[in-house]
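Each in structure tokens, the structures are laid out below.
Shared between the two complexes below is subunit A, which pairs with subunit B and subunit C, respectively.
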Partner chain A sequence: MQGSNSSAQTLVYSEDGKKSGSVGKAVPRIEDLKIIRGKGGYADDIEFADQHYAAFHFSPFAHAKIKNIDISKALELPGVIYVLTGEEVKKITNPMKSRAATKSPTSHYILAVDKVRYMGEPVVAVVAKTKYIAADAIDLIDVEYDPLPVVATIEDAMKKESELIYPEIGTNQLIEDHFKFGDTEKAFKEADKIVKDRIRIHRYASTPLETFVTSAFYDQTRDELLAYASDQQPGRTVGSIESTIKIPQSKIRLIVPQVGGGFGNKLAIWQYVALVSLLSKLTGKPVKWVQTRTESLYAFHRPRGFMDAEFALRKDGKILGARLTDWQADGNWPYVAALYSLIKFANMCGVYEIRNLDYSYHSVATNDPPIVQDRGVGKPFMSFALERMMDKSADALGIDRTIIREKNFVPAEKMPYTTFSGEVYESGNYPENFRRALNFSEYHEKLKLQEKLRKEGRYVGIGIACGIEPGTSNLGYYFLSKEGDPDYNGAGQMATVEMVADGTVKVNMNGPEIGTGHVTTIAQVVSDVFGLEPEDIIVDGWYDSVHGHLTYAGTYSNAFNDVYLGAVMKAATLLKEKILAIAASLKKENVEDLDIAEGHVFRKSDSEKLVGVKELAKISYGRLLSFPKDQDPGLKITASYVNKTAKPFHRDDFNVQLTHSNSTHICLVEVSPENWNVKILDYSIVHDAGKVINPGIVDGMAIGSTVSGIGGALYEEFLFDEQGNNLSLTFAEYMKPTAMESPEIKLDEMESPAPNTVFGTKAVGEGGAITSLGAIAGAVEDALKPFGVKISELPIKPEKLWEMVKDTDEYKKLTGGAN
Partner chain B sequence: MVTVNLTINGKEYSGETEPRMLLVHFIRDVLKLKGTHIGCDTGHCGACTIQWDGKPVKSCQILAVQAQGANLKTVEGLEGPNGELSIEQESFREKFALQCGYCTSGFLMMTNYLIRNNEEMTREEIREKLHGNYCMCTGYQQIVDAVQDAQRKYFAQKK
Partner chain C sequence: MYPTEFEYYRPKTLDEALELMKTVEEPKVIAGGQSLMPMLKLRFYEPACLIDLGAIPELKQVKLDEGGNLRIGAMVTHFEVIENGLIRENAPILASTAENIGDIQIRNRGTIGGSICEADPSADYPPTMFVLEASIVLLSKEGRRTVRIEDFIKGPYETDAREDEIAVEIIVPKSTDQYHVEKYARRKADFAVVSVAAIARTASDGSIEELRIAAGALTDGPERLKSLESALKGKKKDSVDLQTSISETVDALTPISDIHGGEEYRKYSLKMMLARVIKELIE
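So, the complex of A and B:
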């Protein structure tokens, strides 16, 4: 056998024959090299030849009948080629189906038919030659509405005489259910103290800086759709295009280029991908839609709602049992109703051991706009409610807020720990994480500082929150609310690793890259398999449905560190085995004696290079006569990987998510007695996300997610008037934290590896958004202790604080009686 | 339609536009320079930040026709003639100052200006000067790290 590398070179390796590898190192991100040059290639950067543009008329009413639509003036405008209304949509498409509601609505189409259910619902679509003409055409469309009574709140929706959002269902309560675990009744009977509160959550959202963008071209010569979209769950979008506009999956190619931020928000884009695809099919033109910021603020938020929580407590602080009743105003996009309630099972008892728990939930349709799975979904609210209850319980019992937490942590020796409902906390050490956080944040020094500052008349408080950060959704929890086997369940991913004919290793993870460093992380783990450097590996950051995918393929639910890496590693390992087997056969060696590094297959015993991988690739693709008879040509492996700890669903034993990171947040805040603004003086986190592959990337997400939570805790809220009008339609009213409001965050990482993932990695992207709410609320409440302020809702805006303090004695003391 | 002639990154461009077209749309859709992004339409987020005669401006708040004869710089103009990264590009990468990267062009154009037109900035000063640029991913900390790092590099280079 010929070989160009027959002159043996000796390489230096560690004892196990491997190079030291890049896993665990802060390798600079490969994807940055394009982005920082202005060549990121986002969805709006891609243009078809003869590109046309779509624009929509969005409903100005939260609830109204559509009496008449006059499109004649718009059609007369030069440059306008098509106008679509609900009348046509009803004829040629299917309505959107519910995933969870026992009875699915049958009247909600991708474009409003007969009535509108929220301000911002798309009612008329226009296709024009430029985006400016498309916008002009929208101004020429005359829609006559007949307003209906608005169902603004959960209380409104539940009234007997309430207007129905979906008359065909017969109630506004889309889903309700009740679960009982352990013996809660006994726990409450035996309790020394019972603490109750109604805790509220508001509407807010992560607002990725890139809005929804989608373009589509329906090729009438091949009856095939090619669509681009800033989409987080393209696998499901492909299915939803088929089910709504009736293009078969086999005729759909969907591509997701670099996404400008996801946070779950872009799980909702599919309705618009279907609409724009339909517009292209109807016109034969390539059509693009770029959502404006105002349009993006209309809908797809976290739902507002409340939880009635009750803790049964022993006097030493031990929680004997809990009763939780959850009410969520799930808007009116039936697709995701109840999701925020059900996903709470992933962290319903948080880091604490609670065995007796009753849980009821109600998913209610209102004229609030649709919701979407925003960063952490229902888990931030669950964690907020739990941590508020921990603080309130400590106060009611007269014990320290640290003691009550220590009293209730799941003990380290019980790991892996199965919660009351069957969620398996596969790893973690909560007491240790907490101890480290107390040290790391210099908690006891902070107490002294607080005392000193209080004496100086300053309102300074300390907040503590301990939170679980679940990752990898097992999906089918809709099974809990609906009969039958849900379309999406389990947790898996498909990936392709290949060595092309020139010897280069290429990886396709086939999920969207939304800013979470997937390209670099995959390059790190795959380069270690092949003994290469990360920059030698070409990782395709684009999702493309032609590569094949599982039905629910997408980047969400912190699944990357589990099933994405699992699928990539499975494919890479199989490919490596194949390459070694080919080399062994060609060189008449034993395969187990061989390994691969720096572009060569070498013999482990003496590090002698036997054959170059370029040579092997050339043979594997082209020189088939010299190719071993016991192997198939080509070096491309597509592998599917499943996390096998996902349980089938039973009402008394189920796991919603499969990995569980955790963290402790401790912060120090000051409230100004002049303007009641909250300033964060210090913020410390000890985070445990298991094994970390790239600390630069993981630290960034831990910090970034925390600031996103701080935004929700202090500033961000979608406000609605009593007619259901969204009053927060620009960044002037919807206030995001800027660099000025964001604190310097001190971050420490500890590593409790997950036993059920390939590298021991766990969830990373959502922890701060989950845990920060409770820390901030606790700190503000502590700061305003002299006023007796109790915080049970967010965001903690200055005007709300002033309302709470203005009639107190402390305030009168402070102001000499004047308001 | 109006013909707008201007200079971007030292190169002369000419394009036809309606008088009402925004400069950012002109740069992206007519001249096909896609590195400048749109994040909010209202001048809050700074994703569209470019430089006009060396000063940062938000290109979504300017009409293309106002930029007749202007001398502009966009993110595509930061790298050197042979593709060498500029110091702010280097610092943003080394400090993990971007995640989704959609805001990055605007931050880079702002940073390029700030580090050259200020004495050594404290972290608090950097935060204050960056308040017109939004980032939804990073929480700003690593961006502040990168700006500090870039300014250090700039001063070291000047010596």
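So, the complex of A and C:
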């Protein structure tokens, strides 16, 4: 575990203490100046000459056969140049394939063929000269549907007589699996108490300000595709374009400009990048598609589902074992089936020691829209289920909710700690984090306040949640159900650092910049290597597939801090070594006596400046006759990096993610007896993300992700009627919390450095989304204790609470029986 | 999210606007556009011609007439309603109502005339206009008429305005009595789930001299709660059975039922809000 990773790790600057550097400082974000002035340069800001536009007819039915498509009127509309339907798609493309499921559907194409499986599935594509003509043409397309019975729920899908989403598979259960670790049977036999619950999760999703945007131009003179996309995982998209529309990877150039928010949502764009690329190839025109807000709400979401959880408890609160059965309605995009279940292994026991655990999962296809790896993927639900079970167990045993947590924390002295399944928690001090959170949030004062307010007739409650936030994906867990070596992994990336001919240092991390401060963070770490200020470094925020990337290049899974910084630091360090070697040769010095800072190479012993970098760059690129014979000219290094703690996949020992931040959330809420709306009065977090490079950026992500969790806990839900119609297609129905609903979140940081990343950094960006659900649910349950309310599902809507309380005695007392 | 094709006119005078209303095909007036623009983008409305009233200065004025009534131009923004000294002095309840509307961007662009003519049953202004007993002035080539707002709003999204008429002015009688205006929505910027506007005056002997109450977010549009008013008016404040009166009135109403709250839930919440608001006002 403690092993070193690469030469980069030992070369972190400032070891001599001479230069303090900018790592660890809240350097203001360099990229913001452009973004707030409207000069961010997003995918929609890029136009080709003779730009054409695509629009889609999306299925209005959740499940139906396509009987007939009449495109004649659309084709007659002036400005429309092409209309594509499933008939052609079936002839010229390959279907989309499953990753985890052993049996893959063979009938699901990038455009619907013969039948539709969800409301919002693309059925017909139009290419026209303007966006408006394209939209008008869609209104002229007449699709005749023959509705099929809708499979609305997991329970429906599992019935013997259920309509099948994919008849070729013969079942709606795309994949199921069972794991056993330790001796759970014995644990349950020895338990003093067994606590059970069915805990549910609903459909919600991140909704980035920038929707899916993709444009493509297929150059028929060179047989090459140039595509732009607001894509979070472009490395994978390149492969998916090849596998679906059959353009070889060697003929694809994919560029990702500034992305207006990712949150995992933009991992699903590849289907549309493939579609728009195909439209360009078929028409010979550059084609662009900008998804509308309503279209962005059709899909892609988190799945709804439930978990049957059972804890075997000793009477002092110790968890002896657990049984978990996870059911996820993974929509019907078989590509990611099982993902939400398998990734739960990354935080399945949370911050607690649970050695005996049985886990089963079922990934079920229904007529829900497709899912995507939304912020935290299955980990928010895992944490929610665990923390609900902790509270329920405490209540069942009659012990305090803080005591049961203290009883079960992984002890600090056991770090690094390997969980039952092989996940390695690389560092951290969970009991200390919890103690600090109790102090920081003034927990004991809050208990007194709660007692006082209850006497005044106010319903105030306190919630606690402790959570693990995993980062860096050892992605091949899809292969837990299959033989062989996974073709992809998220534990490595490739980046380029160069000193150009004028002496400026430029970095291209070659991954999407999704608004999470990569430019500034990279400028900070690289400026330290070269003894410069962050604003001296030019960081290219664009991804370009021709610059060199590993198969799953992208910004996802909280991995930037590990793998992109790893690759950038490796390239920067190698470049620095090369510059110093050239200088040593030129000046006849020993390379180990030299260092670089403020634009000069200097001798360390007496700070004598030997040569300026401008001069050195000029020599390295141009003056090849005087250039040292023992060196190669040019100052550009592309380096790849892999976090070597990623394990192979054996069913009894595997790790899903490689770094693990942790935090404790404590919140105080009040429920109004007038309308049962929940108001957050106070919210405190003690967060441990290991070493922090830029506290401003990290705090911002901790707060932002917590607000996204608050949205999931209280406000956001995609609602469907019994026919599978999505009822939440604008922001009037899909309720994102706004600044006005967001509480002030108080934050305190701990730093337990990760031994397996270059800087000791860990996952950042999903923690709040993962851990907040349990804290809010616990607080609401506590506030409504006089009514005996139990919370096992989200979101906590006022009307639902009213339904839960209205037949209780406390309610009758409150309303005088008049309501 | 792309409107269908339409012709766009931006007249500089009222005369020009009235002429367009008569001559162009299927005219649709656009004021601040805060409701209409999303509707156009969703293609719920597909008007042939859009007439933008934004360039007519006289629609943006706030005046006090000889009778002491406020005359508020239809194109006065919500922001102006909040900030305007004349309004704050002569109808403070109206300024408070506008504070509840949407968010800053909406208040900067949305207008009082536009909102009333949209007649959204959950909008903020109507209950307040009902208790103020305000009127609206409609103008067309045929002439000018003044209609009480209670008669003007005929139902959800339905008004008394004819196709060739433009709402030009809202007439608001001066009111400086005690007032309370409140909406409950889960998010600050949303339309009301439950809303109440009320004004009250109590006499020195503790009797309720004047009381006007209206509620919004009801299926058939906003309503004056006349039965509740008459049950309480003239009574001494400690001799009324508030809970029974409120229950009887609210049970006869039909609140909107949608994903933001069902009918029974909204009734409960409206009762609770009314009880608190009235208690506060008469005490």
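Definition applied: the second predicted complex is superposed on the first by the 799 of 819 C-alpha atoms of A that agree within 3 Å, B and C clash if a C-alpha of one lies under 4 Å from a C-alpha of the other, contacts with A are read in each partner's own complex, and residues count from 1 in each chain.
Everything that follows uses one rule, which is that contacts are C-beta pairs under 8 Å (C-beta built on N, C-alpha and C of every residue); 3 or more make two chains touch, one makes a residue touch a chain.
Because the structure is a prediction, the values reported are computed rather than measured.
> Once chain A of both complexes is superposed, is A:697 in touch with subunit B (first), subunit C (second), both, or neither?
A:697 sits against subunit B, while subunit C stays out of touch.
> Just checking: does A:102 make contact with subunit B only, subunit C only, both, or neither of them? Give me first, second, both or neither.
neither
> By the touch definition at the top of the document, which applies to A:732: first (subunit B), second (subunit C), both, or neither?
both
> Quick one: classify A:715 as touching subunit B (first), subunit C (second), both or neither.
A:715 sits against subunit C, while subunit B stays out of touch.
> Just subunit B (first), just subunit C (second), both, or neither: which does A:135 touch?
second
> State whether A:514 touches subunit B only (first), subunit C only (second), both chains, or neither.
A:514: touches subunit B, not subunit C.
> Does subunit B (first) or subunit C (second) touch A:293, or do both, or does neither?
both
> Tell me which partner touches more residues of subunit A in the superposed arrangement, subunit B or subunit C.
More residues of subunit A are touched by B.
> Now for A:740: first (subunit B), second (subunit C), both, or neither, which partner does it touch?
both
> Using the touch definition from the top, say if A:808 reaches subunit B (first), subunit C (second), both or neither.
Neither partner.
> Where on subunit A do the contacts with subunit B and the contacts with subunit C coincide?
Shared contact residues on subunit A (touching subunit B in one complex, subunit C in the other): 131-132, 292-294, 730, 732, 738, 740.
> Subunit A touches which residues of subunit C in the complex?
Within the complex, subunit C contacts subunit A at residues 1-2, 4-5, 38, 42-43, 103, 184, 186-191, 193-194, 243-244, 247, 259, 261-262, 265, 268-269, 271-273, 276.
> Looking at the complex, which residues from subunit B come into contact with subunit A?
Those in contact with subunit A are residues 18, 20-21, 25, 28-29, 33-42, 44-45, 47, 74-76, 78-79, 85, 89, 92-94, 96, 98-105, 108, 123, 126-128, 130-144.
> Considering the complex alone, what residue numbers of subunit A touch subunit B?
26, 28-29, 31-33, 35-42, 44-45, 131-132, 206-211, 258-263, 290, 292-294, 514-517, 696-697, 699-701, 703-708, 730-732, 736, 738-740, 742, 744-745, 768
> Using the touch definition from the top, list the residues of subunit A that touch subunit C in their complex.
131-132, 135-136, 139, 292-295, 673-675, 677, 715, 719, 727-728, 730, 732-733, 735, 737-738, 740-741, 798-799, 802-803, 806, 815-816, 818-819
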